[in-house]
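What follows is a structure written as structure tokens; I'll ask about it next.
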Amino acid sequence: SGVEVRDDSDNDPAARNADPTAASGPLELAVLPKAVGHEFWNTVRAGAECAAELAGDVTVEWDGVTAETDVEGQVNLVQNFVTRQVDGIVYAATDSSALAPATQSALDAGVPVAMIDSGTDPQPDEVPLYATDNHAAAIEAANLLAEELGPGDHNVAMIEFQPGSQTNTERVEGFTEGLAQHENLTLVGQQPSHSDVNEARRVTEDILTANPDLAGIFAANEPSVLGAAQAVEAAGRTGEIVIIGWDAAPDEVAGLRNGQISALVVQNPFNMGYLGVQNVVEHLREGTPLKSADTGVTFLTQENVDTEEAQAILEPSCDNPPVE
Amino acid sequence: MGAAPDTKDGTAQHPDGTGEPVLEARGVVKRFGHVEALRGADFTVYKAEVVALIGDNGAGKSTLIKTLSGVHAPDEGEIRVDGRPVRFSTPVDARQAGVETVYQDLAVADDLSVAANLYLGREILRSGPLGRLGLLDRRAMHRGAAQALDQLGVRIPRVTTPIAMLSGGQRQSVAVARAIIWATNVVILDEPTAALGVVQTERVLDVVRRARDAGMSVVLVSHNMPQVLEIADRVEVLRLGRRAARFPADAVTTDDLVAAMTGSSNKRSEQN
Amino acid sequence: MTTTVEHAADATRPGDRVRERLSNALSELTAATALIVLIVALSFASPHFLTADNLFNIGAQTAVIAIIATAQTMVIITKGIDLSVGSVAALAGVVGAMAVRDLGFSLWAATAVAIGVGAAAGLVNGLLVSVARIPPFIATLGTMSVGRGLVFIITGAVGVYSLPESFQILGNGEILGIPFAIVLTAVVAVGMAFLLSQTRFGRYTYAIGSNLEAARRSGIPIVGHLTAVYVIAGMLVGLGGMIAASRVNSGQPNYGIALELDVIAAAVIGGASLFGGQGRIIGTLIGAFLIAVVRNGAVLMDVSIHYQMVIVGLIIWAAVYFDQYRRRRLESRG
Amino acid sequence: MGAAPDTKDGTAQHPDGTGEPVLEARGVVKRFGHVEALRGADFTVYKAEVVALIGDNGAGKSTLIKTLSGVHAPDEGEIRVDGRPVRFSTPVDARQAGVETVYQDLAVADDLSVAANLYLGREILRSGPLGRLGLLDRRAMHRGAAQALDQLGVRIPRVTTPIAMLSGGQRQSVAVARAIIWATNVVILDEPTAALGVVQTERVLDVVRRARDAGMSVVLVSHNMPQVLEIADRVEVLRLGRRAARFPADAVTTDDLVAAMTGSSNKRSEQN
Amino acid sequence: MTTTVEHAADATRPGDRVRERLSNALSELTAATALIVLIVALSFASPHFLTADNLFNIGAQTAVIAIIATAQTMVIITKGIDLSVGSVAALAGVVGAMAVRDLGFSLWAATAVAIGVGAAAGLVNGLLVSVARIPPFIATLGTMSVGRGLVFIITGAVGVYSLPESFQILGNGEILGIPFAIVLTAVVAVGMAFLLSQTRFGRYTYAIGSNLEAARRSGIPIVGHLTAVYVIAGMLVGLGGMIAASRVNSGQPNYGIALELDVIAAAVIGGASLFGGQGRIIGTLIGAFLIAVVRNGAVLMDVSIHYQMVIVGLIIWAAVYFDQYRRRRLESRG
């Protein structure tokens, strides 16, 4: 029919990678979060910039769509960076399937790619992933909630953030799966915050009204946690209700310290950014093959929040990069 | 007083004694919220006559005309065409019965050109398969529009000018031309010459006469009594939403008409 | 010579003045009826619905939307629209929060700053609409984009946290047992209703929306008035943004995305026309609470967000459909 | 021909030989895109006279009036008030010079009530501090509106009725009433009686006479030649955007006027 | 008796017809000028901008918005608005993807299904607007909410994945070296421009938006026509949703959030009026590409997203401002 799937493979990637000026000269890397505007991604950025600084002569171009639901926007963004012929792209896919062709077209154009936080499906062999297993961590969150609540029957609620987005789905499915292993826990409310603190507060308030006996809440990202904590606080039930949250924005950590929040599932965004950039730079300059790594999760509680380990994750700094 | 108005019992008789009414309103009531604009209005149009519908401001003339042309559905009463009761639920029904109307508020589409307005709802399509696709024959419409306007002595910049750019009289001319082109049976003209110049007014009256001579009926709403007496065969007077009187035009004076419109037989106007 | 002013339309029965008043209020009454039906239904469906706590919750949750919707109503009456409310509320909120955190402002001073930010954004909107004569949709779409960009630039896309406890008073405080946010909403609503219905300013607002050219020829200072309308609207949006920030004790860069749809919907459900000249504050309030009660009820009954969206859509349709239906009946039958 | 039109050299001389013009247009040019509506129009209004401005449809009358009342800024030429050149950049400037206008398109706000329209831009405020807050005195405005309309013999349902619900003539009455209430110096009336009933028309003409007798100047645009000859002291004729002729009203016939408007001295109209 | 049709406005110089044509096209030309200026500036600023690859990229990236914007333009001309485009595109995309994955439909059959979904949504919009006479803003706001709810219900809020390679043809394929999405855009644009400017259907569309009552009295079948307009618009939205899904090789439940703002902006930048009766497809296309080029250029020049938002806002203002300014000048000076 004259219609064929586009293929830009006539650009010889090998030739480009062998370009000595690219290898020794200044490098320009695009680092793209799922969306701009949250603490988590700013920490990723800090890690990326740290790695760039340590490597020397590397520029990080930080850019992203405004909402992580804007999958097509991210596809376009990656495409535009390929057009610009940056030396490498480090990014977090808003959608594993949707971004697979974008990653491929970057590779075809000779631009190496490293994924952080969320990879693509399929994930090409030459593309590494520096990420946490959201699904497994969410199962763990359910276990944590069960542990905090102890024996006896309890009603719990979940504040998800953006139904239909992949990270949300992984966490929701993980938590639900984890919950299924604890027969004494019943999920009585599940509402989204749309990553808006006010919205998170509103739905939590309403869930609390409808369930005066609510014992625990799992909130699946930063705005959801903050809003849920606010609602519990406003209802005067701080301490009575166990909140298991995700991420580690300053106010979340403060909430953990003063007992509003029982535990936080904390990823290592600094490492994601750091490893992504560091490995791509090494690959470009020294030809080291790219290898995936799990950046790990930490379960932060009031007990361990002040340990050195936790502090390294909470306040990462380039003076002491967490190289592993 | 020059003429005795006939009885107001609503029986429809041609004052000249001829024929069935072609268009008739019987006991029409029309309310807008709590305002009763028509309260049992009767109106009769016979074949091949010019009948003037007159009345004070707010008497309900335009409302009556809108019920006759299918714009408003009457709340009570009935409309008859050729003696048969009809329900005009849309203006299309009235048009299909050959009733064509110039509304007082003109009802033209400002963004469309003069030609497009003249042919609105009756576009000329290209012949052949393209026409069946709905392709417009602009040239034919421009030509037709220019001719029609010429006949009425209308002077407009160009038939492709959007109506929004026309003067008040020019707009009215377009609306009048539109009704006159398409009428086959009855033409209703709601104050058609209010904004027209002397020459254009005369042209419109000429056309009205010619239409009558060709066998059409014309309903003319006007506040210009000399004009009414000059052109109408018959006059019906509306007052407070009801028919107040009917006159043959050759037997009345302006004063009779004014008295009937205002309802005061002792009241005289110094109007010419 | 005097004329007896006797006329078809004058011969109205004595009860008609009352009927006219009623019919003027009916537009709001339709939405109000929908609201009441909903409240009754929810009272039966959930034992938690008709409790003081829940009603106060709804009131406080809706405060921001209601306040911003009154502003939107005023803009809509002028035949305008303000798409920038979400961005501007976010901007005002983060600036207010930063004023407290970084500059040590008191809550009240910060609130004044937030209102000032809103006023500045409103001034931009107003000048674009009145002086540059850019259609309001585009003018405020630009402000929406620029405003959100500014929020991200000044915050570095990070929420403004670590605010003192006192920052919460506006959104979470109480006065005589009534949430402060509700009191503020009431004050704003009464003030705006007064402004629009009782003052010359309000009269000009309706006149401009009804027929701009007639207003101009009548000597109404269009440029100044439209600018003032957008500035006042901006101030209310600023206040709303500050209340929103106070409710979550932080300045959120992502606050208010798609907020414009909610507030415009509230105004239109309440009888405002996007083609100008029509709209009333009481209607808008009812519209805002209608949406809020639907959402509250849905969460109380643990309806999943998926079905919630369907239900909200159906109720918006229904509320406005009955309103339209009633108006048509009224117009054509009395 | 009854009267020789005076020379068109643009010198402003009162035909009765008295006084300075109170309002004057000199060589006004106004273009809309590629349409030249006024092409060097002159127009003069003297104190305490009724001057009729007549011309064919599209001659530029309404455009001229809009430049005189500050709605349009002229592209060339100048406007003078009491002999001094002025720039009316908005209608407010014209109003402040005491010039009040009824526009052909009426310019009323449909959603507002009759009373609100009458007082639009000149609202009565409550006395005292509330008034300084801009609080409207509705009652006073309703009273004033009812009185003003009564004077003109206008019959409307109620002064609180929105304009949208009025008949064509009622709308026009409101617009005329508004101009007449507020005029102090010059009243410009663009076809003010086009939609009015016989009685209302007579009332408006009465008011015009009284205004003149009280020392005001009145500009009347009309297509009704008998009316023009009845009420005007002077007639100015506009044709193709320029002044074509000036007549004292007592020395012309309808035929002279029509000839001047159409530019054909051989062309006669059978109009009354 | 014939009258010589001699008239002030007739005595136009011979070049005037040409000038009129030009002035009719000028609205688009202003936006076009802005677009050209931008393109020239970007060509100098970035070596990557004016390359075939990049231009094709821009074209393909803009295809969905451009196609949906032409649909929106038609709706806007009728004095309507369609806020549901984003939801409906998402619904069509996921249903199309599910048809391929779960029912084994071919891409073309699935595309037909997606267009059918769009048509159904358009039918709902059209009936609500024309029969129930709900204001378009509210009618389509409801559809927006209901549509998104349905997407979530049928997908369970999980994207539709595991599609065959062939699913990408619509969005990523090429035909004679030109991206298929661009070809589709061109076909749709030409078809819609023809429909609106050359046919009776288009004439009625403008007439309804210009003066609904006049259209009704002229015998135009309002209910049927408005319904048809929304159905056709819905079909294009369905096609757009399918292209979008194809581009990302999956059905995305969250696709198209805030899409309505982009497409309405494109139409208004291109000269359409939200008050009906005005708008042209060529203008809308230019508006869509103006926005797309700004975004593309911003990335090529490494402008951060924060500043991008500010710049996009400024450019939207500027494009429309110059258009307004030109129109005013034209109106008052010739």
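The letters A, B, C, D and E name the chains in turn, as written, and every chain counts its residues from 1.
Keep this in mind: a residue touches a chain if its C-beta (ideal position, glycine included) is under 8 Å from a C-beta of that chain, and two chains touch if they have at least 3 such contacts.
Since the structure is predicted, the reported quantities are computational estimates derived from the model, not experimental observations.
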> Through how few touching steps can subunit A be joined to subunit D?
Replying inline: 2
>> On a CA-centroid basis, which chain has its centre farthest from subunit D's?
In response: A
>> Roughly how far is subunit A from subunit C, centre to centre by C-alpha average, rounded to an integer in Å?
In response: 36
> Using CA atom averages as chain centres, what separation in Å is found between subunit B and subunit D?
Replying inline: 29
> Which whole number of Å gives the spacing of the CA centres of subunit C and subunit D?
Replying inline: 42
> Roughly how far is subunit D from subunit E, going centre to centre by Cα mean, in whole Å?
Replying inline: 46
>> If I count partner chains per residue in subunit B, which residues reach a count of at least 2?
In response: 32, 35, 58, 155-157, 199
> What residues in subunit A touch two or more of the other chains?
Replying inline: 36, 66-67, 163
>> Using the touch definition from the top, which residues of subunit C touch two or more other chains?
In response: 6-7, 9, 12, 20, 148, 152, 157, 257, 305-306
> Considering the complex alone, what residue numbers of subunit A touch subunit C?
Replying inline: 36-39, 41-42, 66-67, 163, 188-192, 194-198, 201-203, 205-207, 209-210, 212, 223, 226-227, 230, 234, 249-251, 254
>> Under the stated contact criterion, what part of subunit D meets subunit C in this complex?
In response: 69, 71, 90-92, 95, 101, 103, 106-112, 116, 120-123, 125, 133-136, 150, 153, 155-158, 160, 199
> In their complex, what parts of subunit D are in touch with subunit B?
Replying inline: 32-33, 35, 55-58, 61-63, 104-105, 154-157, 165-170, 173, 191, 194-202, 223-226, 230, 254, 257-258, 261-262, 269-272
> What does subunit A use to touch subunit E in their complex?
Replying inline: 2-6, 8, 36, 61-67, 69-72, 75-77, 79-81, 83-85, 95-101, 121, 162-166, 168-169
> Touching subunit A in the complex: which residues of subunit C?
Replying inline: 46, 48, 51, 53-54, 57, 61, 64, 148, 152, 156-159, 161-162, 172, 244, 247-250, 252-255, 257, 295-296, 299-302, 304-306
